[in-house]
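Some structures are shown below for you to check.
You will see two complexes here that share subunit A, one where it goes with subunit B and one where it goes with subunit C.
What follows is the complex of A and B.
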């Protein structure tokens, strides 16, 4: 089991890293006209670009880890019972894994790597 | 001071009318009255208290207690902001009653309430048991297994440079008055949170070069309800009457715990028989 300091270290690192990759993502959307950027064919083309797919995957993983740990921290403050704390921890870990798995599947399918 | 006096009508009127007299006016003192032994009911009692330029809120309360209602419960001792006994909410803000001049409040009505985040005993007196339990839990003393102060015939010397002292000096001014604990929004929601006072004291001893750092592994600081739950609201530092910055201490200790910075903590240097070991 990770110590709280290790969890928070991951929290800070993922937060900073997410800030960077989301900034890159937004910049990439801004350098092309808005209607062109979000046209279906362009979106699919983006997914077929391996570097861009890696960027999206990293955004997904970083935000999921950072966000669900943030949610865990908020929920821990609501009640101070060990059953509640254990439940919150399990819920956030499961939800985080589920979101990452579903998002990764979407990226893989859109990328055309053969799944689905 | 003259500027403050000018802002308060009754003081200004009093100072003109009673020129040469010691009495400068009066304020209305609203005192929270409740007895936890008799349930949760409470009321506010109002007292007109004569004030002078140097009258503190504690002076006003003691006047009301002496001349109007001797059943008012107040905890106080030194009257000089050293003991930290007379903490209470004055006009909605945690302050020391002995360190708060009535004139500086710039209000004709002064409301005194017990500190929040503490359980109430009676009137303005709150229970500090939990607060001191948190304080004790961080072992607020120097821990150094290498010290031979108790065993050796020749006592060792701990060497500290002025720079070493500066690392923790401001945090050692804490008088444990509980104002920071009362102002902390995290303490209000998380009863197991150690609070700014205990965490700042943890940093105070952590940063002390005479301490060998064993406190670093203490589980209650690096816990779900430990140092990581601080929101950095900063209200603790805002209300401290001694100029301590608990929020800074918490952030510095966090930085060391996450190892984002190398702590330059040195094992206490000891001169033993004239040799540094």
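What follows is the complex of A and C.
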């Protein structure tokens, strides 16, 4: 298993990396007028761009890890008991996998590969 | 001679939970200064952003239902309250990011100064002008980002 200091290092790295990729994601909404950028055809065109799809997947993975590890840290600060800690760790890992799976499905289907 | 002076032996298994505030203590940022307020805001903004992230993943999944499903979702989110919520997301993400960078530096010891003996009035030696500036920069940039975001969302940009 990972040591806590290794988990925190991952937490900081995912946070910093997410900052950059989310900035690109937001800028993509600003290169045309914001409300125009949200039209279905424009959004689908973004998803059909493979590089942008990879960017979205990286945002998904980075933020899922950073967010749910943050939740784990908060919950562990509240209570320290072996059963609670194990439960919190399992819950956050399962939630992380679930959100990544759900988001990846959206990216794949919108990209047009037709799976799902 | 020393043992006979002991009136009560130490019981390692007894637990005194009278100082355990739990969630109420976690939610109270007062009493411990600016660093505690920054810590409290970092946790709250993090939780808020996690909830937003999950909602955003669900919201964008409507793309898979086609144009009508996407437009139906936009009807729900492109409203006054939806935009105000997004302005809040912009502010919280800016604060969380900048304060998080400050915390990464603090974790490495950068900007904390030298350790010293705590003297009255027992102000935290780590809370020097660099740390206070970092917290204020995070708050001010969050406000600026909210103004800019509001301008884009409500200004037709």
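Note that in this section the second predicted complex is superposed on the first by the 116 of 116 C-alpha atoms of A that agree within 3 Å, B and C clash if a C-alpha of one lies under 4 Å from a C-alpha of the other, contacts with A are read in each partner's own complex, and residues count from 1 in each chain.
Simple rule for what comes next: a contact is a pair of C-beta atoms (placed from the backbone, for glycine too) under 8 Å apart; a residue touches a chain by one contact, two chains touch by 3 or more.
Small disclaimer: the values here were computed from a predicted structure and weren't measured.
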Joint occupancy of subunit A by subunit B and subunit C, clash or fit: clash
Which superposed partner A:85 touches (first subunit B, second subunit C, both, neither): first
Contacts of A:3 with subunit B and subunit C, given as first, second, both or neither: first
Partner chain(s) touched by A:48 [first = subunit B, second = subunit C, both, neither]: neither
Superposed model, subunit A: greater residue contact from subunit B or subunit C: C
Touching partner for A:76 - first (subunit B), second (subunit C), both, neither: first
Partner chain in contact with A:12 - subunit B first, subunit C second, else both or neither: both
Which of subunit B and subunit C A:60 touches, first, second, both or neither: second
Touching partner for A:110 - first (subunit B), second (subunit C), both, neither: second
Clashing subunit B stretch [against subunit C; choices 7-15, 241-249 or 259-267]: 241-249
Subunit B/subunit C common contact set on subunit A: 8, 12, 77-78
Subunit A - residues contacting subunit C, complex: 8, 12, 15-16, 19, 22, 30, 33-35, 38, 40, 43-44, 47, 60, 63-64, 67-68, 70-71, 74, 77-79, 99, 102-103, 105-106, 109-110, 116
Touching residues (chain side subunit A, partner subunit B) in the complex: 3-5, 8-9, 12, 73, 76-78, 80, 85
In the complex, subunit B residues that touch subunit A: 186, 189-192, 222-226, 228-229, 254, 257-260
Subunit C - residues contacting subunit A, complex: 22-23, 26, 43, 46-47, 49-50, 53-54, 57-58, 60-61, 63-64, 67, 70-71, 74, 78, 93, 97, 100-101, 104, 107, 152-153, 156-157
